[in-house]
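Same chain, two partners: chain A is paired with chain B first, then with chain C.
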Partner chain A sequence: MSKRKIPFYIISLIVVVSLAVSIKNVAESWQLQRELARAQSVAGEAAQQAGPQITPENSHTVEYRKFPFVGSRVAVWVIAELHLMFAAFVLAVPMFALIIELIGYYTKDKRYDHLAYEFTKLLSTSFSFTASLGALLTFMLIIYYPKLTTYLIAIFSPTFLPYVLLFFAEAGFLYAYYYGWGKFSPKVHIALGVALNLVGTTIMFIANAWLTFMNTPAGINESGGLLSVWGAITNFTWMPINIHRLIANVAFGGSIAAAYGAYKFLGARSEEEKAHYDWMGYVGNFIAIAALLPLPFAGYWLGKEIYAYSQSLGIVLMGGTFSWLFIIQAVLIGNLFLAANYYLWVSMERIEGAQRFRKFIKYLLASITVCFIVWATPHSLVATVEEARRMGGSHHPMLGVLGVMSAKNTAVNILILTTYISFLLYRRGNREATVSWAKLGNTVQFLIFAVVVSFVVFLGVYGYFVEAKVRIGLSVPQVLSVLFAMISVTVIDIFMFKNAKSIGPIRWGKIPARAQYALFFLAVTFTWLMGLMGYVRAGLRQHWHVYGVMQDTSPDAFTPTLGFASGVVSVTVLIFFTFIAIVFWLSGLSGKKDWEAGTGKTAPSKGGLDLAEEGQS
Partner chain B sequence: MKNALAIFGFTVIVTLFYWYVGQQVPQKETYPPKTLEIRPDLNTAEMVEIGKEIVSGKGTCLSCHTMGQSGSLRFPDLGNIGAVAGTHKPGVSDVEYLAESIYDPNAFIVEGFLPGMPVIHKPPISLNDDEILCVIAYLQSLGGTPTVTMQTSHKFSGAAPPSQGAPAAAAAAGAAVSENLDGPGIFAKYGCMACHSVDSPAKMVGPSLYDVGKRLSKAEMYESILDPDAKITAGYPAGVMAATLKGGGFYEKVSSKDLNILVDYLVSLKGNK
Partner chain C sequence: MNYLVLAPIVLVMIALRFTRLNILGWLAVWWIAAYLAISYGIEPPLPSSIIGMFMGIVTLALLAYLTVRTDDMNFVKRAAIRFLTDKKYTLPLALTVIALPLLAAFNVYLDAAKAPQPPAAGRTVHPPPPTEITFKGKKIDLVNGVNPYRELQAEDPEAFRAHLANGRKVYFQNCVFCHGDNMEGKGLFAHAFDPLPANFQDPTTIAMLQETYLFWRIAKGAPGLPEESTPWASAMPAWEHFLSEEEIWDVILFMYEYTGHKPREKEEVH
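Presenting the complex of A and B:
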């Protein structure tokens, strides 16, 4: 049978007609939507005119107002999260800038001082973004949630004035710290950095009191009336959130700063620049991952306090509506660990002598993969009726065993230890211990790892055979043993590699571009994770503005699907990175050459610190 | 510029990947619990049906408890609770045991479990007395025979507010709750009937208030509420009422308006019923 070819002009005609029909349909649909919107607007205005007018006497009766298009909840959600992300960055950067400055001060190594300054350059624009978003959030709460805002003001009004005064102090210290770089004596400048951090942390602690009160209210009577402001501040989750945020901010800020280094590395034109920004990316990532490792422990404490406040609230968080959110979280954190380890392994390629550790990478990867899979295994599966019948319920006969906390706690603890080992290998990359007891030290370190891993696995398995009240307590020795391993091995390593022999240089700048993309991946993943966990912290209250005290009676009182929440988080993350791109661009302007009048061209920069040029020189 | 675009594209792809992960997990919207209408003439079978709905809905019982499961559970299984409720505490009926488990859940902890169940008649769950009676009927039906009716009383009757909803929701800006209740309503709201009878001279934990209006003046009535130990009725121990009212947060919750209405109601009780 011969095949008949359809002539090209017929295909073209079909495509053109289809396109024309599609355009016509879209145009009609657009027209229809505009007419509908106009009709709704007219109806809305009519309804508003027919409804009661707001007067001074009845103005307090307004409980909610509607934000156009997306609704009040989504609007406030996005702005609050953006404010939080910028605030986290603005609070975190001074912390590690100060630490890096201190390292530079004590080692007399100017590179550290320059690096700290470069991190600080990102602050001034970010600070303005944070303040603007904070003001916007406040206005939005007053406009769209007036009743809730009035209640929170009634509880926390004594904290507002100190908050504002501290904010002024924060601005003063921040700009003095930034503009005063190199203008004061190092000790005065470091003191400014310390003051900046203290004030910033206090501001965060105050704001944390407001938001944690909404989840675990305290200091009030059963009617919600205030008994004690201090009681309201020091509610169940206040200190755990303070600590958790402090650490998480450092991890998040480190990842964004590393992304800045990666961005500059990819655009670098000279080897010196590449070397400098490679180093900057490495330091930012080191800070991020070092802060990530203890973060799960702070998370345990926070979870424990939520359960201590209300078992129901804890169950909603971990076993109810939000249990599947933790599968998304497992994917995110698993990716964080994978990418962090990948970056370290690629980074080791630029260390002369680190090749001898390459053989271990496959085992580390296997460990991370297995732990990741266990951690991301859900307890109950999404299944059809027929599948569920075959499984004998929603729990898979084999995989269901991995979906419980005994298995997950074990997996995450080993994941942390594996990442720590990657760090250890990186640290030893081009060094060889010269102390006489090096062999013994290595053996002791190995034994510590072996014993701790065995202990963690034993407790994980033991958890399947004991009552719930015993099982819950097993996570504490698991965590403590992992902390013990990391601290003791680090201490041994420090002494063992004191005066170690260098077997080759670190070739900064000689790193593939894919390692820089790993840093971007980490930054986006950290930000997305922050958005997701911000959602669960607030969403946990479900239909309560203040849990058990003030009910949400708005049309948005329901808890949306995780898919919807993922959409809002994704949009927030993209807006955040658009803003961050502006921050990066503005921060880079100081290093640009001056514009020359008349020619429309730029001339070499005459003033200011051009650290991109100075880096690594 | 090329790098910036590549980085932007990469950021979008990673974000979309996580968005996609978010779409792959079960999607469920959770709505605030519905308020069920409970008529006073419900029969026991109807109460069981309503109780079942409350247990899986507003009561949020199944967030923690299982039905018909065994092994190392975190909270007691309810699959056979109707059969065993009357056996946990010697001399305590199944209704009284179940009521105590709901109103005062930490009074008795089943062996092998930890305390932690919230008080169900207070926020955030806030089941009222009638709803709790329906829950008891349903729990009795799990392995047993339901016996409660809408008229069944137990030692916690009256401890929960008779009306629905979250009482504290109206308490924004620290104002005390006022629900425009009448005297008997306020009497019930604060659980006074748990210790005092108003229908007959029968003695309970506290003296009958059946004819209290004949015995006490309005001023004495205020005094006996605000300072219960100032004058003790013969035959009753001192300190019990003060401790009960303080422990239940009565003095923090009651508004002056409610107190006036309560006192007016009590002085109107002259034993005429």
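Presenting the complex of A and C:
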């Protein structure tokens, strides 16, 4: 066994063991859930079995059908999540592929064009997966939830034909964009990319209307009858979800593309390949983290709108049944930020001159750790009776205050600023400002950070002394001040480092392998987070298909335990990555040589890249 | 805060700043300091679940620091290999191999030696309310409803004060025994309950909630808690059997007045 292959087998082993453990856990948990559900539904099922045979006359009376073994809910849940993950990827990649292509077009740097094409190569297979999973989901909804599907069709029927037509248009633009690479003039190709993005985003907006309607229905009368299709589309959480998904898709897509770069880096045989895929991983990660930074703000807006729509939904979401999932979310996001910063710090090793910034790493790490702790601290602590008595209740007098939004918002804002500072140091790695006002510029940047951090902390503390409405409003100046800091510091930095002196090269490809594993970790964590938060958004309705309008009367009309839900999401994530591995493998086939008759095997690959002439290294 | 514990930790950390310790020693000191500060430096002590979580994060951060620099990582790798292969470390290695299971066994002993008690469990503190409830045959809208006497605060202060006085009477006749005379959840009966009664002075309890939520909790008590997120383990009586609607709204007014908190208002949907 060659040394190069060890990580692949280790990863395979980990995946297989994780899959086995997850399936075992889910199976055990599932058995328990099913027993509970069976107890609840035994009467209903008996009635169903004893009921009349389905005929054309009474076919509309079927409300549910049962999916074998795992039940209808879990089956639809897994397929919907897989469809969503692929759809997110397929929508996100064209966005940043186009941006990278545009950078290449304006800078005349061929590397960017090549990178954009490399990203686009992942799209073709992913698009087929998305479409297949979408079709499967539609069939499953029609088969297993006919009544709900009929109702949603009644509300949204005018949107279905445009959706399908747009899907055709997307297929056309996507394949023209991919296969037309280098075949059209750059302007025509860029126009194709713009059209692809516009169509893709519109498709997502339409689908978002269907699912957000189920959470926060609008455009209907008290009995659920349709009053306005536009009203149903523009329901209360439609735009927050649109914005949140748009940003999240980019973060997710970037992380998967970075994982692809990492995968190719670890298997690269030449220095050129390593340099290219190191760079690809870096760009993917940059995109992911750049999109991650504003994501908490979009999520907060969504949560606020849910609370505003209904106190009940808001409390179920943040303070009630699903609140513990937000602790898991905090742990995962804390890990995301930690891993993203870690990647940047390790990456500095390949930048000549970045050693001078190493001394700052411990302070950045301390800031991330403290913010991570604050974000992950629950409001009511898990405690034994004895521990609770010592604390005087389930809220710790000191830590209890960290469990509410004032503290969380403060932590996340500082976490974002810390990550931004890591980016700033990375960017400055091998450069030295030559402008006469460099010292003043640094001082002003430092002051901006100091003032903004103090302001964010002040508002966080002040939030405890004002009423809820004011406290919630304080998140806006917190966010704006952080955005101000990031924009103003970036502007100063751009001017300060114009014509900067280079103190050494960036040695692309000379990066430790552990940085690439950090990219895998980021991709898996993003995906897991998407699955968990997707479950929260959908599960929020609890025993309603359409909240307050159509009740879920199926045997699955109960909220599963946290462990069971996490298990289902984990298995879904593993299935997704199995599919993604197939996508990666298929994407790599085009770089391989043709099969040679007589030898029974393919000729050895030269790696599919010839980057020396592009000045990659 | 337990300053007797925290002060020496801070002194050691300051001393560490002027000591030339290798990366392993440096990280070990930080880990131990964090453990001591989190476990013994905070009063009242944190539950073990939180200590575990915090230490998990600290350990992750220290591991990240250890592996950020290839030089540091190689130093640790070489040190570990030396410790495992160099003959001069045979005795310490043997002692380590023996000590590890002994430490695990000692930990098991400590756990087993503790007095039996119910296991720690995560609780959902805010039960999700229904959209409406029926109170003595009348529908109360929990989503869009308001305290009908709240508006008197601006329109008729005298009438408002009368409602507050009535709320005070209701509180001290019924609620004080569990929730306490200072509304901190330390009433005479409080120590018989698990979980303890809610502390209304805490800015993270009633200040976060709409008045309709409190109405629901007071009116329906433990029997009216939702089926999800069980067990709720609440001893709160359903006060709809003992109090009128007006008395409940009044006591809610009094709770906010007494604690100085303001109820959460229904937000506008954008």
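Operating definition for what follows: the second predicted complex is superposed on the first by the 551 of 617 C-alpha atoms of A that agree within 3 Å, B and C clash if a C-alpha of one lies under 4 Å from a C-alpha of the other, contacts with A are read in each partner's own complex, and residues count from 1 in each chain.
The working rule: a contact is a pair of C-beta atoms (placed from the backbone, for glycine too) under 8 Å apart; a residue touches a chain by one contact, two chains touch by 3 or more.
Worth saying up front: this structure is predicted, and the values here are computed from it rather than measured.
In the model built by aligning both structures on chain A, chain B clashes with chain C. Of the two partner chains placed by the overlay, chain B and chain C both lie in contact with A:Trp324.
In the superposition on chain A, A:Phe520 contacts chain B only, with no contact to chain C. In the superposition on chain A, contact of A:Glu57 is made with neither chain B nor chain C.
Applying the stated contact rule after C-alpha superposition, one finds that A:Gln542 touches each of chain B and chain C. In the superposition on chain A, A:His379 makes contact with chain C only, while chain B stays out of contact range. When the two structures are aligned on the shared chain, A:Ser312 is found in touch with chain B and with chain C. Comparing the two complexes, residues 307, 310-312, 315-316, 319-321, 324, 331, 378, 382, 464-465, 467-469, 472, 542, 548, 558-559 of chain A contact chain B in one case and chain C in the other.
Note for the complex: chain C touches chain A at residues 1, 42, 44-50, 53-54, 57-58, 60-61, 64-65, 67-70, 117-131, 142-143, 184-186, 191, 194-196, 198-199, 202-205, 207-208, 210, 212-213, 227-229, 261-270. The residues of chain A lying in touch with chain C in their complex are 236, 304-305, 307-312, 315-316, 319-321, 323-324, 331, 334-335, 338, 342, 345-346, 349, 358, 361-362, 365, 368-369, 372-373, 376-401, 403-404, 464-465, 467-469, 472, 512, 514, 542, 548, 558-559. Of all residues in chain B, those touching chain A in their complex are 3-4, 6-8, 10-12, 14-16, 18-19, 21-23, 25-32, 60, 63-64, 72-75, 112-114, 116-118, 122-125, 165-169, 171-177, 249, 252-253. Of all residues in chain A, only 147-148, 150-151, 154-155, 220-227, 263, 266-267, 307, 310-312, 315-316, 319-321, 324-325, 327-328, 331-332, 378, 382, 464-469, 471-472, 517, 520-521, 524-525, 528, 542-544, 547-553, 557-563, 565-567, 569-570, 573-574, 577, 581 touch chain B in the complex they form.
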